[in-house]
Each structure stands twice: as structure tokens, then as C-alpha cells.
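Okay, so subunit A shows up in both of these, paired with subunit B first and subunit C after.
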Partner chain A sequence: MKRRYLIRVVALNIAVWALALVWALPFVGILMISVMPYQEVITKGWLRIPSLDTLTLKNYIEALTNPLYDLATGFRNSVVVATVSTLIPLFAAALAAYAFANLDFRLKPLLFALIIALMMIPQQLIVVPLFFLYRSLGIYDTLQGMILLHSAWGIAWATFFLRNYLKFIPRSLIEAARVDGASDFKIFRRVVMPLAVPGLIAAAVLQFTWVWNDLFYALVFLVSRENQLVTQKVVTLKGEFHVDWGLLAAGSVITMSMPLILYVVFNKYFMKGVAGWGVKR
Partner chain B sequence: MRGASIRLVDITKRFRSVVAVDRVNLEVDRGEFIVLLGPSGCGKTTTLRIIAGLETPDEGRVYIGDVDVTDLEPGERDVAMVFQDYAIYPHMTVFDNIAFPLTVKARKLRLTKKDIEERVVRVAKMLGIDHLLDRKATQLSGGQQQRVAVARALVREPKVWLMDEPLSNLDALIRLQVRAELKKLQKDLGITTVYVTHDQTEALSLADRIAVMNKGRVIQLGPPQEIYDDPKHVFVATFVGTPPMNIIECRVGEVVECPGLKRRLPGDRLKGLNKVYLGIRPEYMEVVDEKEGDLEGVVYVVEPLGSERIINVRIDDTLIKVRTTQELTLQPGDRIYLRVNWKKAVFFDPSTEQALGKLLAATS
Partner chain C sequence: MALSRGLRPALFLSFPLSLIAVFVLYPMVATVFYSFYDKETGSFSLNNYIDVLLSAHPLYMLVAQSFGPTPPWGALIHNLVWVALHVPLVTLLGLVLAFLLKYYVKGSTLVKAILFLGIVIPPAVGGLIIRFMFDNVVGVAPTVFSYLGVEELSKTWTAYPQTALFALILGSVWIWSGFAVTIFSAALESIPKSHVEAAKVFGASMWHIFSRVIVPQLKPAVIIVVVMTVLWDMKIFDIVYASTGGGPGGSTNVLALVMYTYFARALDFYKSAAVAVLLTLIAAPFIALVVRWLRE
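Right, the complex of A and B next:
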């Protein structure tokens, strides 16, 4: 009995570590390439501890400051677009999710089904009409237009996600507040939202990452250099005839840094949010 | 006395095809403690929620005081409710939990921060939880949470107090203690209270009047002693009491013929019936000698309960229970003779299960 348990633990550990290694290794590789002189990478290989004498941030400085690539502008644009495109849909979705979870109104099942249907539309399917719509509205090639687009997509799935999360909040808490004379908005603000923090953070991290990683819409809707996002800028680091792997790696690390930091900071909430109602009562 | 009377008129509530509450009429006087008692699914909680305004009745009206509140929001009815799971807000401190009903209405009630603090502290002191005010609600024991819930229901000084099985999540010892405190508090403050439970001991010990419910209807409404001694329906007789009332089927002719009955009971007052149920509570029978006995049976098994014992007696095909404090040495299979306290015996009509009253009291 005890031995079998031991074998299971060991096997599980090996499997998990192997999986983690497969996931982490490419990232480690890119990190190494970005801080080592290119020559050293070629001659000595990348999977080793870099010597402190030759360690360099040249690639990072180059990627961020060289006007040819202009990664810094892209980074700034991405921060603006992703942040606003996270805040707007989350606020709207939280209100909608509260209504779907706690209020009774006509056509509720139908509306909810509509939201799920909206989530299933492939983005590519509507890109052409959107393109013409944006051009005639005059928001083509603007950050506002991009924010609008991502917010619209975000509201649908965030409503779905948050509604399911809010369903975990015991109904008696809401009813107690209602008997005590709280209005729906007060219940939303003082009871439901504080308890939904893990869910909100999980949804925010997912939405932010989604917007940050988007390349498809950015390629279609943002063309001028000063409006492009970081995902579009990274591509310019790769020359037509020559690839500076160090530069490209540094650009990739910069691009990845934002979602990575978010996951590290909010990991605890993220787990709770995805796992559902985690607060012990 | 700050309580208000409650009146339910012909309340019906359906959930799809299920009738949860069926034409319930109920009047609760000012300051009265009324208990809705019944098995799960009998509609007692739904009735309570209709008074609170958390459910809207399909038919009928609800009055609190003289005001028709049927179409009012829960918050506009001046009621407070204690939930089965206490509904303590886990992200708030004890203070904020108790203060919540005041803070959400602070502007309307014209309360300053200081007023709120004073009232919260006063209520907390009354319930002996003033030392916990800074704690997070999640750090409390079950009993403490229950007190916080009661405090929150009291702080607004409501006209009506509604409680949905507030003691069922407490362990047995604390439950007894809190039960007594609740009753004392309710009497001192004079708040009209409607209390829902499936626990008959709780109902009998707390209530001024009990409304026994089954299948969405109030079967009987009356003071605890009346519910216990004078059930108007077989359901009440068998739901209230541990063990419940014994029901013995008898034939009616010239005389009433019950299994094991050695005594002649005149049947002339039961004309028109050919069968009746004889109902007798286990403690209203006594083990006696053969010549004094009314009923004859065979001991099936004896259950000792410390101070008393329950003797299961088989009479023909019927098994009845006798509760006694008599010191007896009985073995299964022994012949046993029981004397019935006829003043306490009740007869029921088998077709309607309604009580026929204590028709035979005079013959004893």
C-alpha cells in the first residue's frame, strides 16, 4: 500500500516536471539568446549559464529605442488598448452578469443563448463587413476603434464567465441584503462585487492577455506606424534578408513580459477565479 | 411594543405545476411568536418568503399592520429575516455586517455615522458579541455567526422578524441555549415573529401558536398544548410528538371494536361511520394488571431511554408504542395489559382523517 503510493507520487512528480520543462525550455532559450552576444550563442550554444562578463542588454535597448523598429511606441499603444479594452467590457459584463444571475426578467434564457451564440462567431467571418463599417465611421486606423472592437468581443464572453461565477455566490446573501432594503445597485456594489473579486481578476487577466496577443485584428485595422501595436512591431525586428536572433528574442521577451507579469502577480486570484467559488464560509 | 400584526389572505403560490402554498389564511397578532411547522416541502419556507417579499404570491394578499404589502419590495416592508445559513457577508467585519441594514438606508433614516455605531454596539452588547466587532465574519464559530445574524436582524428595530430554521446548523448544546435566548429576546422586545422549523421540539418550546403545515396548507393553528393534546387531523397527531401518537383502526357497530380492546365502547355517537381511527399518545397509557386493562397485547421490544422507556406492543397486526417511567421487567413475548386515559384519546374519521373529537371522554 505504502509502496504503491510512493510510486504514484514519484511518477506524478516526474510527469509534472517533464511537462514543466517542455513548457519552460523555449522561454529559457529565448531569454538566453536575448542577453548573450549573438556570436557566443553560435559558438557555445544557448543552454548554459551565461558568463557575467559578456552579459548584455544591448538587444533590449536597440529594440526599444531604434526608430526603425519603434517597439516602445507599439508597447505603449498595446498597454492603452489592452487596459481600456479590459476595463470597459468587464464593467459592462459585471452589470449584465449580475442581472443574468440574480434578476428575473422576460426573455432571459433567450438573451443568454444569444450571448453564447455571439461567442461562437469566428472573428474572420465578420472582418470584412467590419472593415467597411469602420472606414465609413471614420474609426479605421484609430486606437479607439480597436478598443471598441475588443470591448465588444469581450463583453460577450465576460458576461458568460462572470454570470457563472456569480451563480456560486449563495443566494441568501443577496436576499438578505434585499430584505435589509438595499437596492440592486447597492447589492451589486457592496455585496456581489467584493465577493466576485477573484472572478473579476481572472476574467481581466484572460481578456487583457487576449487583447495583448491579438495580431489578426491589429493587422487589419491599424496601419499607420504610430498606431501599431506591439505584436505588429515585433515582426519588423526580423529583417528580410538577415535575422538578428538576439534582437528578435529581446523583442519577444518585451512583448511577453506584460501578460507574464500579470499572471505572476494575480496567480492566486486567477486560480481561485477559474476554480470557482473559493471563499470558505 | 413595536411589532405589527400580519395577515395572509388566501395566499397561493405555484412553481410551474407544483402548488407550494395552497390558499393559506393566517393571522398573527402584534408581538406574537408563531411557528410554521411541517415536513420539508410543505410550503412553510415559501410562506415565510412571501411575507418577506422574496416571492410574489400568485393569488392572495399580504398585510403587515394595516398596509397591503403584497406588491411592495422586501426592503419597503420593515421586516428582518434570519436565514438558515445566516447569510453573513464574508468580506465584511462583524461590525459592518450588523451595520449593513442601517448603512444602506442611512440617508433615508437620517442616521449619522455615530448613530449607527451606537446602535450596533448596543445590539452587539445585548447579544454578547461586542468583543467580536472587529473580527472578519469568516473567523467566527457557528454560534457566533448565528448571533451576528440575529443582531443584524435586530439593529433596524423591525416590525416583523422572520426566521428560516435559524438553529438547524448549530450543534445540539448551543441550540438549546440559543433557543431560550431567542424566546426571551422576542418577548422582551415584543417583535412579531414568524419562525419556520421542521423540529417539533423547537416549535413546542418557542411558539405562542403553531401552524402545522402539510402539502401547502395550514392543517391546524393553535397553542402548542392544543396542537399536542387535541390534534384536528391525523397528520398533526402523527407529525407532532416523539414517538408520535398511536393510531389504531377500529370497526364501528353497536359498539366500537378495536384490536385488543377488552372494554365496551358505545358506538352510538359514531353513527354513519363503519370505521374510525383511535388516536392515543404513548404517554397516556399505563401498564396495569389484567383486570384493570383496557387493551391487551404482546411485548415486541423495549427501548430504554434513561429516565423512561418505550415499550413497543403488538396488538394483532398493529404496533403501538407506550412511553412510561414505570420500573418494569418485560421480555419480548410477554403478555401486557394497558389502561388508556380516555380523556386524552382522540377519534378520527378515516375517510377525511379529520378529528371527531373526544367523543368518548364521558364514558371513562
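Right, the complex of A and C next:
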């Protein structure tokens, strides 16, 4: 009985680990193809230790610098858009989250329900009127326009996320500061924000990743080559009929490098941030 | 103390809410208006909706007039097929994996970290990788099937209407399972280990522990995973745009992509708005559910 159980557990371990390897395999493939000459991929396959003397960065250089693809420009634009579109909504959401967590007002239940609804609606529902608005304001096809949109779009979920975080801060702490005569802004800056740093980091990492990963808004609002973001550029690497897998793989690695680095560095914040959806507070 | 009760929240809310009002709320309401706007007559009618629902053009078809054995069946139907396959696959896989990882598997942190990668990377890159996985020259799936001698599945899956939609759905299991595992793992933390230990002492089988002890206690998490996955499937865009662009012959088209095609290709902004509203209407019951739980 005991032995059979043990065998079963070992078999399960092997099965789950095999699945994990299957899950990782596409990443391995993309990485291998990006640094191997394509001729070699075709003749020998990519699932092997690459021979060091034929390793090449040709695909990376091609994807980044060939004016036809120009991922370097896309990457730079994405850094700018994602950075600013993280700072603005985080600041705005911190303010709103403070109000929802610590102040009482009549419209609170209604506004909070609205915030939750807004973070669930499809992106498609808002782009047509914004397209008209942007054209008349002259910010269509500009990074500023993109930043404004992503900033506003990010506020809803960041408010919800941070408000849940702020709820953990004991109310007595805030009441004590209030008794001492501190204004709300002072409490916000000196008491609440310092305690909310881990929550702010998690929200920042998730928001940055979300903006970086987005393709839909970029496709709608950025058209000229010098303004396009990296997610737009990478899909153009895929030719109409012929696919240059080496190039496409290198472009994919470049595009996903940023969220992957963030994920490795901020692993705990990432997992907790996503798990937060499932845990009722 | 000088500030009145109503003014204090206003100070905190005015900046965030005004950004939301201009860039989210206003366009949301305006989209609904535009969706009824008939650009031929300049009046408001249901014409956009009728045209959009009846279109039989492969790039725009939402519901096919007649259903063949293989796609294209229309974008709306493809979304529903996506939900019908993807939701149960992801939920079951997530439940089983979270359970095994928590109680039986060594090195579960690393396995979870690998599974999680799918939701970290841009879905557009995910789409490109799906295409790679199912390519007949360099991809994994066709190579395996040609080795097994299955002729129909050793081709490039994304190039044929019979297989393209299913390739994308399977690929989206690869991308999205990490979400389910993460949610279920977090929920498992709240189940006292003593429950499982006690069941083990009484000689309950692994299956028994899973189905009688664990799953009943994970019900709220299951509902969350199901609803979030349904919403993800209904809104799906990047993966399809990057991998197949809706082809071949419209066999992988989805609602969000039709919306974009009306917008960017036909330059018919009002029909595009109508598709966006339809998409939202279908998602609305699930959004309402989320609002109900999360507001507590």
C-alpha cells in the first residue's frame, strides 16, 4: 500500500515536470532559432545544444536596425509610453484609492461599482469617439495621445488594486494622525503612502507590463513608423507568404524581454498581484 | 478640519475622475450613440446592427448563414467555440495542477513560475509563438504528428481552416493556464493543511481528496477563473491578429478583430462602433457578476 502510493507520487512528479518542460519548450525554440543560422535550423533542427562557432546575432541586428523593421525605434517608444503611462495613473489611482479606503461620501458605493465596471469593459468600446476627438485635437498618431489614453485606462484597475491594499492599513493609525491635527493630504503623503510602497510597486509593475504588452490601442492610434510601439513592429516581421523564423524569433525575444526581466526581478509582486484577483478581502 | 465633508473626497477624486471622464466615460457613451448613427441618411436607426449581423463577407461575418463541418462559422460563433473549449480546459488543468503542485510535487515554485510566463509576455508575441509551434517546418506539433504518421495534422495548422481555430485555442491554453493555476494556488493556501492530512490518515485516495475535500472548498475561485476566462475569450484580439489575422478565409475571425477591420480597413466607424457594442453586450452579464463580487 505504502509502496504503491510512493510509486504513484513519483509518477505524478514526473508527469507534472514533463508538462512544465512542454510549457517551456516554445520559449526554448524561439531562443534557439533566434541565434542559429536558419539553414542549420532546417537541416539539424533546433532542439539541441547549439554549436558555438555558428552562433549569430545577425537576426537581432537585422530586426533592430534594418529600417524596414526598426524594432529599436519601437522599443524606445514603448519605454517612453509605458513609463509615463505608469507614473500618471499610479499617482491618480493612489489619490482615488485613498478616498475610497479612508473617506466617507454619499456617492462612494456608486463610484466604486463604476470603477470596477470600467476595468472590465472591452477596449473596443472606447476607441471610435477617441479617434474623432484625437484628430480634432491634433494628438492622433502622437505618443502624448497614447500616454493620455493608457493613463486614463489604467486608473480604474489601479484604483481598485490600491484601495484593496490600503484597506489593510489599520484605520486607527489614520484616526490618530487626524486627532493630531494632520490634514488629509498630510496623512496621505506621510502615513498612507509610505506604508503602501509594496502595493505601489506591484501596481506599477503590472501597469507597466500591461501598457507594454498592449497591441490594440497602439494599432488604432499610432500609424507612422517613427511613432509605432514595439508590439506593432514585431507583428510586421511576419511576412505575407514567407516567414523568416530567425528574424521573427529575434523580434519576439526583444519584445518580450522587458516584461520578462520585470517578472524575474519582481516575481513575488507579479504573482501576488495576479493572485489578488482571486482572493476576497 | 476647515474643509467640509463633501469637499475632501472631491479633492482626492477630481484628478483621477476627470481623466476617466474624458478618455473612458465620454467615449463609452459616444460609441453607443455612434453605433446607431446611419451615415447615409444622417439619422439614428438599427441599420448598422442589421448590416453587421447579416454580413457574409469572410472578413466581417459574425454568424454564418449555414454551418459547415469546419470553420469559418462567423466571428461571434468562433468566440463562443473558444469559450466552450478554452474555459473547461483551463479550469480543469488549473485545478488539477494547483492541487498536485501544492500537495505532491517537488519544486512547485519553479513549475508555477514556468506556467506563469504565458501571462507575462505580450499576447501578440504569444500569437507569433503559437504560429511557430504549429508550423510544419520548425514547429513542435506538426513534427510530432508526422512522426506518428497522422497526415492531416503534420501540416501548418494555422494555414488551414480545418485546424487554424483549434491551433489558436490550444495555444491560448498554453498562454492562459498560468492564470488559473495562480488563482487556485492562492485559494488553496486558505484550506487548512489538517483537512488534507486528516483525509490521508483515513486512507482517502488522491482522487477522493481532490474531488471531495479540495474542489468543494475552491468553488469561489472556480467561479472567478471561469468568469475571467470567459471575458478574456470574448475580448481576444492580439493573439489572433498576430498569428493568423483572422484567416485563412475568416476561419479564425473573432468579434474584436471584426471591430478593428471595420475601423481600419473599411473605415466604417459607425459599424465598427456597433460591433464594439455587441461585444460589450455579450460580455455584460459577466462584467455585472464581477462588479457584484468585487464591491463586497
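Note that the second predicted complex is superposed on the first by the 244 of 281 C-alpha atoms of A that agree within 3 Å, B and C clash if a C-alpha of one lies under 4 Å from a C-alpha of the other, contacts with A are read in each partner's own complex, and residues count from 1 in each chain.
Heads up, the rule we're going with is that contacts are C-beta pairs under 8 Å (C-beta built on N, C-alpha and C of every residue); 3 or more make two chains touch, one makes a residue touch a chain.
All of these numbers come straight from a predicted model, not from anything done at the bench.
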{"item": "Greater subunit A contact set [subunit C / subunit B]", "value": "C"}
{"item": "Contacts of A:33 with subunit B and subunit C, given as first, second, both or neither", "value": "second"}
{"item": "Which superposed partner A:172 touches (first subunit B, second subunit C, both, neither)", "value": "first"}
{"item": "Which superposed partner A:195 touches (first subunit B, second subunit C, both, neither)", "value": "first"}
{"item": "Which superposed partner A:130 touches (first subunit B, second subunit C, both, neither)", "value": "second"}
{"item": "Partner chain in contact with A:101 - subunit B first, subunit C second, else both or neither", "value": "neither"}
{"item": "Partner chain in contact with A:152 - subunit B first, subunit C second, else both or neither", "value": "second"}
{"item": "Contact residues of subunit A, present in both the subunit B and the subunit C interface", "value": "181, 279-281"}
{"item": "Subunit B - residues contacting subunit A, complex", "value": "52-54, 73-76, 79-81, 83-85, 87-91, 100-101, 104-105, 138, 152, 156, 162"}
{"item": "In the complex, subunit C residues that touch subunit A", "value": "1, 3, 5-6, 8-9, 11-13, 15-17, 19-20, 22-28, 30-31, 34, 97, 100-101, 104-107, 110-125, 127-129, 131-133, 135, 137-138, 140, 174, 177, 179, 182-187, 190, 206, 220-221, 224-225, 228, 231, 234-235, 237-238, 241-242, 256, 259-260, 263-264, 269-270, 272-273, 275-277, 279-280, 283, 286-287, 290-291, 293-296"}
{"item": "Footprint of subunit B on subunit A - complex, ascending", "value": "170, 172-173, 175-183, 186, 190-191, 194-195, 279-281"}
{"item": "Subunit A - residues contacting subunit C, complex", "value": "8-9, 12-13, 16-17, 19-20, 23-27, 29-30, 33, 41-42, 46, 89, 92-93, 95-96, 98-99, 103-106, 108-109, 111-113, 116-118, 120-133, 148-149, 151-153, 155-156, 159-160, 181, 184-185, 188, 209, 212-216, 219-220, 231, 234-235, 238, 243, 245, 248-249, 252, 255-256, 259-260, 263, 267, 270-271, 274-275, 277-281"}
